[in-house]
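Attaching a single structure in structure tokens format; questions to follow.
The chains carry the letters A, B, C and D, assigned in the order they are written, with residues numbered from 1 in each.
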């Protein structure tokens, strides 16, 4: 409540607050302020909106534009000084927090051959999606993994993790995704540097994928008590193959085409408690219908080219471009090729929304399910 | 990042960002800004703090001071215009949101005899704790309940609810508790006014308590698929009796004395998905040890008098006073009477923290577990 | 398959086996027998019946008749020699196993003042329901409980337990209920005598009830990882009070009147993994409608008098009488008093049926829901 | 209790029943019998054994011996008359029930080209493991699947199912596995013939495998409320590949080599509520150590040759042979080849044991973990 006015949020609707300022009321409000209090009806319509309105805006970050800046970080700062050389994505609608959309952070990290970042752990849940280069690896609680293009990798909250690129590798770039903003908002964020700065490798290379990345099989009698998946790396080849197989027997989702969630094989649930991830395939020429969801999404195009209409705004994308869908905003996707499929990787906070009982979705009813494109 | 400086958050610690500004870097940063991007190392130490630091501050709202203001609302605004006549509590550390602490809203609501508020529903989970007056009632999805002093009542997210006071009742005041700030932060808040403004009573009065408020018994073969408790009212008399019985067989918690959680009898879990509530009894002369938790707490003294030390600040309280404990802040409680017990009601967001795997607690190790009181 | 005939189970129904014996087939069958094999069609209709037919029969054991025999056991054998002085109930339809009905064992145990049985533990889950006498106690894993009339007590599988009667008590009789037959059938029964024959009392008397027997409250932040309830004793007074309260707000079940399940307060589920228990109140003059369920039931009349019709057979009962309902057999209950309520305690294997996805129930459709009484 | 003796089960151990017959006691026992009752101490040591002793015995059914009999069924009976042409396996220790081991049924089913069995459903959970032939298919609730060698297929309880062989196929043989004996023992078995005798195919062929048989991916936002797996067919090729991949990163189980459980991809749990299944690979020359488990197992050798020692008895097996391990009986496995791996498929009742909290296992401690072979 700023200035002298307290009745900015009046609505002339039964069941909503509709109290006009008077001198007497203004005195009352000021009395309350002195007591660290206020009158609910001056803010009720503001804090109880009819439906969510995201403070984030739809944006696309084109890789063509960003890549050279990311590479420049290699020269400008050392990993020792920078911790990690990352260009983060800043949603113009989010001034107060470092977020790509909603409470999700994302950035592009770069490492050169032979480099290793120090190991740390934190309350934030993290993932990466590999964009380019060879020889990248990550080590999560002693499980070392080799990383290839379009692989999706977890570094769950509370796990020690460190990244690097082999001596005989090339410059590598990957997308980081974390819920740092959510952890800070929830006042739940802890951070630790590994006491020895680096971890030993305690298991055979890629053991997590060999153990847990098998269709509908798990080690006999295995137990697992963590809230995150024992499978840490989801490789691209079987993921793409799964989409193609599934496409042959399903009509797909009218809103998302051939759409699959990465899961924790031990529970069938999401890979981490707060962040989920999906891969979807848009068939040649497919243009989906619009819907909106409680939850925020960060997309990366993993294959092909197309565009999305988000909140009435068309954003074109091609391989490696990143874009975001704010919460409760209409969105639909189109594959621009009539011959090739297009694949979109995404991560999102739906597990958070579902854990708290907040998820809902709504279809765009008019115009055959397609939004008008706004000026 | 404001002004010309980008290196405000440097830390000279291995594994942390420690990059000094240079002209070249500043150019780089400005280039990134134009692309809705930034360099992680300029903000990394800020957004990945070593541990949470709450933006809320400890406050006590004394009922003696607030009560007359609450009663004045009766005269100043009509329920039709105001929706609800509520004085909300505003934490001085939370400028941007209407919160008593963290993401929890609280307020004092007042109604006169014969008044009924209109029915609505919303994504926010709500509770009330009855402070004074007779004849109050609430109707949740057709279940009408009579409300007495120190009763704890749910109006869960998604349920239609309305409140009122019987014609032959007296002026009633109760504390409201909601997670409105969290719902807004998560961009998940929906609101609806009941199409007929009022609900019919569809069940015998107080049926929820008669059906579900029995110790270790439930209707045979009952099913329940909601995320909230089928028990909507937790009465004071059996709650206090439970604390006294439990006190006879336990040493209690070193941090919280005789401390019990209100539960959903169908699951044994918290009454609502995002908000929990507890009642604790401090034995005569008891002074607990300090600890801190990931989670925010709103307390109301239900019986007796004492004080709490929160973040090194002593806050005295007696019956009906309300105070808050911000997340990850040391807190300890003391009963000032050597003869009578003292009871503290609280509600908190621990179910949210636990659902997301974020809860942790730490004991204050020094000085026998007692904080020094800060200037 | 006995004698020379292999076609005893033929059914002239499409989709069922209907193969007449021939000399050639009989040779084939004998060849198979020599290989520890057989032809499915000779037994298919037998082992895949259209619906379950229990091998148990309805029985009532009248306490007037049984009590003197139970008391005689006091003189005839010592607790040291007998282990426990128990008269078990033997369903006439179950020759091969010691069962009251289905896979449930029950017996009447008697102990005199000052006696203590030795401690043991086993895979079978056990309960008792107190019938008469004062001063009885039981000790489960160090939790000592005093036992009164109509109290329901758990001694879950895997817990050390021992029973006794105080020096200043009287002769006590209680009903034991166990799933011994099921444990043996599943080839999962283990038994151990306590290495010191007796346990120490490790907690305040009746601490489990004071801690966990409170309506919709549990110790704050409590954890519990066992498959059975942390509440070990369910007392009669609050149980009866709950039935009376619930009766005021419900029409009750058409089949079971005012019917409540004892629950594990930590989960809201059944008190033990394999055995559940219920108490039901039949209002004055109430005669319920018949239904049948997958599951077996052992009843004891805790209050009043009436009769049940089970599989077309009327069984009259009054306080302390025990009767059984075999699986998938029609049953209905009647209170013979027009003035007083009648209460039936029961234990059953529904948790087993539900855990395996097998529970189902069916209402008796004809004749207003009432069975004809068979010759 | 047969004949005149009631003291057959005496044990001279403190805490066990040890009552010698007397004339007076015998009179007492006979009095009790007339009341459908008995004295617990006459049977206590029998019904509460120190540990389980299975009534089943270890057996191997060699395919070489059985196959010709199975094929003869083709000529001897028609599918219309027989319902299904199956040779069932009868454990010599189980006289009273048709069981291969414990409460598990198994049989070998044969069908010729162009044959289709009628559709039915039942409470028993069923699976099949394909042994030989081409063109076999099964249809489960409208999901038609093609079946190949070593494929593992579910026909869960309550689902309509029918089997057949394509016109251009060959004679097909598969192993059936069901829990028919358990369903009958639990008095929970229902059976229905499909009203139209045959189902339509309602989905693309093999859609369940294409949809759910992908590593760590599921259809986005999918829901599933059945107690059994939405994946109905687990193919051999990816199963064997998984074992080989897993073998590269694990030491395996000392008791079972490279050992994986088939899982329900929606939950990570067993494929059906009562029956689980596993595949294990014994590396060239591997001889595992002995252990015993609460649970019964039916094995089929899917690849290679070797032997198992079960309860001190050596049973040799090669591809297609079937053998059983009774509950709580020591067992160890050996691969006879120094060059090739050997694979054992098994199904078992561990999900039942785990659902009821009864599973336990014990390692054979002596002799390096290897049993002496008994006479």
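Here is the rule we use: a residue touches a chain if its C-beta (ideal position, glycine included) is under 8 Å from a C-beta of that chain, and two chains touch if they have at least 3 such contacts.
In this text, all values refer to a predicted model and were calculated from it rather than measured experimentally.
**Student:** Based on mean C-alpha positions, I'd like to know which chain lies farthest from chain B.
**Tutor:** D
**Student:** Return the distance between the CA-based centres of chain B and chain C, expressed in whole Å.
**Tutor:** 44
**Student:** Report the inter-centroid distance (CA atoms only) between chain A and chain C in whole Å.
**Tutor:** About 53 Å, centre to centre.
**Student:** Nearest whole angstrom, what separates the Cα centre of chain C from the Cα centre of chain D?
**Tutor:** For chain C versus chain D, the centre distance works out to 29 Å.
**Student:** What is the shape of the graph in which nodes denote protein chains and edges denote touching chain pairs (line, ring, star, complete, other)?
**Tutor:** It is a ring, because the chains touch in a row that closes back on itself.
**Student:** Taking the touch rule as given, give the residues of chain C at its contact with chain D in the complex, in rising order.
**Tutor:** Touching chain D: residues 13-19, 24-25, 28, 31-33, 35-41, 43-44, 47-55, 59, 61, 65-66, 69, 72-73, 76-77, 80-92, 96-98, 102-103, 105, 107, 118-120, 122-124, 157, 180-181, 183-194, 197, 227, 273-274, 294, 296, 326-328, 352-353, 355-358, 360 of chain C.
**Student:** Show me the residue ranges of chain C that touch chain B in the complex, using the header's touch definition.
**Tutor:** Touching chain B from chain C are residues 203-204, 206-207, 210-222, 229, 231, 234, 238-239, 241-242, 245-246, 248-250, 253, 256, 259-268, 278-280.
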